[in-house]
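Below, chain A partners chain B and then partners chain C, in two separate complexes.
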Partner chain A sequence: MTYDYHEPETVAEALALLALHGEDAHLVAGATAFTLLWRQGLLRPGHVIGLRRIAALGGITSTEGGLVIGATVTHRAIERAVEVGRYCPALTRTFASVATVRVRNQATLGGNLAHADPAQDPPPMLIALGAEVVATSAAGERTIPVDELFVDVFTTSLRADEILTAVRCPALAPGTRATYLKFLPRTADDYATVSVAATLRLADDGHVADVRVALGACGPTPVRARSVEAALRGARPDARHIADAAARVDADIAPFDDVRGSATYKRDMARVWTERALTELVS
Partner chain B sequence: MRADRRLIDVLRDDLGSTGTKEGCSIGVCGACSVLVDGELLSACLLPAVFADGSVVVTVEGLAQGDELSPLQVAFIREGGFQCGICTPGQLIAATALLAEHRRPSDAEIREWMMGNLCRCTGYHGITRAIKAAAA
Partner chain C sequence: MKLEHTALVRAPRTRVWKLVTDVPAAARCVPGVAAVTPSGTGKYKGSLLVQLGPVRLVLDGDVALTATDEAAGKASVRADAKDSRLGGTVRATMDLTLVDKGEDTELRITSDVQIAGRIGEFGQPVIQRKADQLMTQFAECLARTLA
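Now for the complex of A and B:
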């Protein structure tokens, strides 16, 4: 059994193919995840639409302090892009921490997000930055905040007639700090047992003006830790307030047992690594 | 060509270039490391059609005729292999590293080579060989 492979050169051609083949079509960019799922028999499309030749989906553009990254840009290209480092060094480090050089050379931003594996690295960081994806269909474009993109394991809120075409990272308020921490008790190229991304900005009086926290590998989707944020917003960021806020993460996550740890252990580690991330941002 | 064939299938089965090994088949072990237009990739994860029109370098392409590359010589001199199954991938990955960093630090070598597993001789000989080739 195999599939027909199509390589359109424009988004319009890709959308036409998607309309023609409907549920029997699957989109790929780097095809990293697809190749694995195909070989395991977990995906059996009759038609695969490759997006790699569509020039409009490549490239990284700085925009009034923000950033637009095309869906087919590889992890490695993002890791190496000067614009990304200028926008937010933690975003560079997030992409540099994914798997190995080989995977980063093949896997793309759009593929990463559409694949919706809850343990991947970019989603929590993009959620913490307040990024949104652009979903393009024949009807036009709509934007979806990254923290509303993920519905379940391997499931997004993208419609079957939509293509994830870009990611928009908003301009960050001056003084915003960001970090991404990945707890890797096994090997450096592993998926995280838990991961924590956070952005934080202090007001002139030293209180927390704004904070966003998101975790990976803590349930069926990457998750925003709104309880932690609420506990810290407006607070003085001393060790006690940070520890108290980090402990609230328990209400935001729903981890499950797997080879990287029991649910109980992940709950403990989520608290510990959230506290570490927030401590780093205020020190 | 069938669309679901991977680069590793074409290299080994169609072209008989069996220097590139298939280990884990899921992009983790690094045995199938190849260069596609100079980029380090896993041949077990790459649809072969993605390499259409590209220059693919495997371990067979490192020597110039009978003359081994400095890196290959260094692997021999420094004891950078034992059973040899991971060596084609180690050599290709290290070739890509040296193309990017002429004089990589120990940390850069460890970080880059982290995705190429060796299960018999360990990594000290490999690291020594890369440093020797870079010197």
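Now for the complex of A and C:
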């Protein structure tokens, strides 16, 4: 069982290869997810297109409008980038919490998002930050908010002729606080049983001016907790209020049973960890 | 793996019965089914494409109507299929029951599915979810076809 490996040096060359080989082609960058699926025998493409030699897909740029991270930047490079820490320390911590350093040295941001495993760490944090991905095809570029990228397990709203080329994180309003909490009852390098990312900004008078909450491992896709957000927006949050808002997460999630816990347990843990995340942000 | 699905089809039982026991016609309502051709009395050959992100399963196999009791509104279907490219087999026994609900019909499907080989790597939650999607779309298509 073999495949032809292609290493285009421009996005245009990669798109041309994708158009030529169609369904028989598979895009990779760090190839960590691909290697697992290939070894399990679930993927048998005739052509694998490696994106790592495309210079335009690398690099992290800090702009007035926020942060732009290229699709082939590794988790480790994001974790270590000064620009990322300056933009949002919680984003640094999110990438630092992924698996092990060996995985982080290889796995890329674009690969992580395109793989669409619902238990991965970056998606909830990027949703809470209001980030969007850039999808490039022969027809041009379009942007997709990260919270509209995930459709189902392993399934995104990217079209077959598109390549995810970058992620744009918007500038955060002054005073915005952010956190990412990952519940790991088994081992430190495991996927989370549940994970919670949140951003929150209090107005000068102590009311919640802005809040976004997203969870991982709580259903077929990472999910935004809009019920929790609605319960908090405009409120002056105290412990009781936060507990009530966190309890509403039940309406936003659809976890399933797996080796990391039953659906019922995950519902309980989603509430507990949402409450902890929000408590941290208002303290 | 046992799966249970219930759907309400907005059509009388006699019409739903006629459609679900006409295997090629009913198969047209299963998303991803390619050609279904007769291979003997009550037996058919067919192919089902199931896609999960980048993973594409092409299940080729046999479908047989193993029992029908129109008076009781019960039918049984057996399916044996394999994906020869990835390696893996799916065996399913499905018991269908149609229940009168006024002008509508409730369709109950109890399935016993055995999965072997690579396909099983996905794990039960994902397979269950995919089966739920198939069944929902199947019931919606039956309702549309009979409307």
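By definition in this document, the second predicted complex is superposed on the first by the 282 of 283 C-alpha atoms of A that agree within 3 Å, B and C clash if a C-alpha of one lies under 4 Å from a C-alpha of the other, contacts with A are read in each partner's own complex, and residues count from 1 in each chain.
Criterion: a contact is a pair of C-beta atoms (placed from the backbone, for glycine too) under 8 Å apart; a residue touches a chain by one contact, two chains touch by 3 or more.
Values in this document were obtained by computation on a predicted structure and should not be read as measured data.
*Asks:* Applying the touch criterion given at the start, work out whether A:Ala116 contacts chain B, chain C, both or neither, answering first, second, both or neither.
*Replies:* second
*Asks:* After lining up the shared chain so the two structures overlap, which partner does A:Trp38 touch, if you call chain B first and chain C second: first, second, both or neither?
*Replies:* The answer is first: A:Trp38 touches chain B but not chain C.
*Asks:* Give one of first, second, both or neither to describe whether A:Asp258 is in contact with chain B, with chain C, with both, or with none.
*Replies:* second
*Asks:* Between chain B and chain C, which one contacts more residues of chain A in the superposed model?
*Replies:* The larger set of chain A residues in touch belongs to B.
*Asks:* Can A:Thr61 be said to touch chain B (first), chain C (second), both, or neither?
*Replies:* A:Thr61 contacts neither chain B nor chain C.
*Asks:* In the superposed arrangement, does A:Val153 touch chain B (first), chain C (second), both or neither?
*Replies:* second
*Asks:* If you stack the two complexes on chain A, which partner ends up touching A:Val103: first (chain B), second (chain C), both, or neither?
*Replies:* Touch status of A:Val103: first partner only.
*Asks:* After overlaying the two complexes on chain A, where does the chain B footprint on chain A coincide with the chain C footprint?
*Replies:* None.
*Asks:* List the residues on chain A that touch chain C in their complex, please.
*Replies:* 23, 26, 37, 40-44, 115-116, 152-156, 220, 256-258
*Asks:* What residues on chain A touch chain B, complex-wise?
*Replies:* 1-5, 7, 31-32, 35-36, 38-39, 48, 50, 52, 99-103, 105-106, 187-189
*Asks:* In the complex, go through chain B and note every residue touching chain A.
*Replies:* So the residues of chain B in touch with chain A come to 2-4, 6, 25-28, 30, 33, 39-42, 45-47, 49-50, 93, 96, 111-112, 114-115.
*Asks:* What does chain C use to touch chain A in their complex?
*Replies:* On the chain C side, the touching residues are 52-56, 85-87, 118, 121-126, 128-129.
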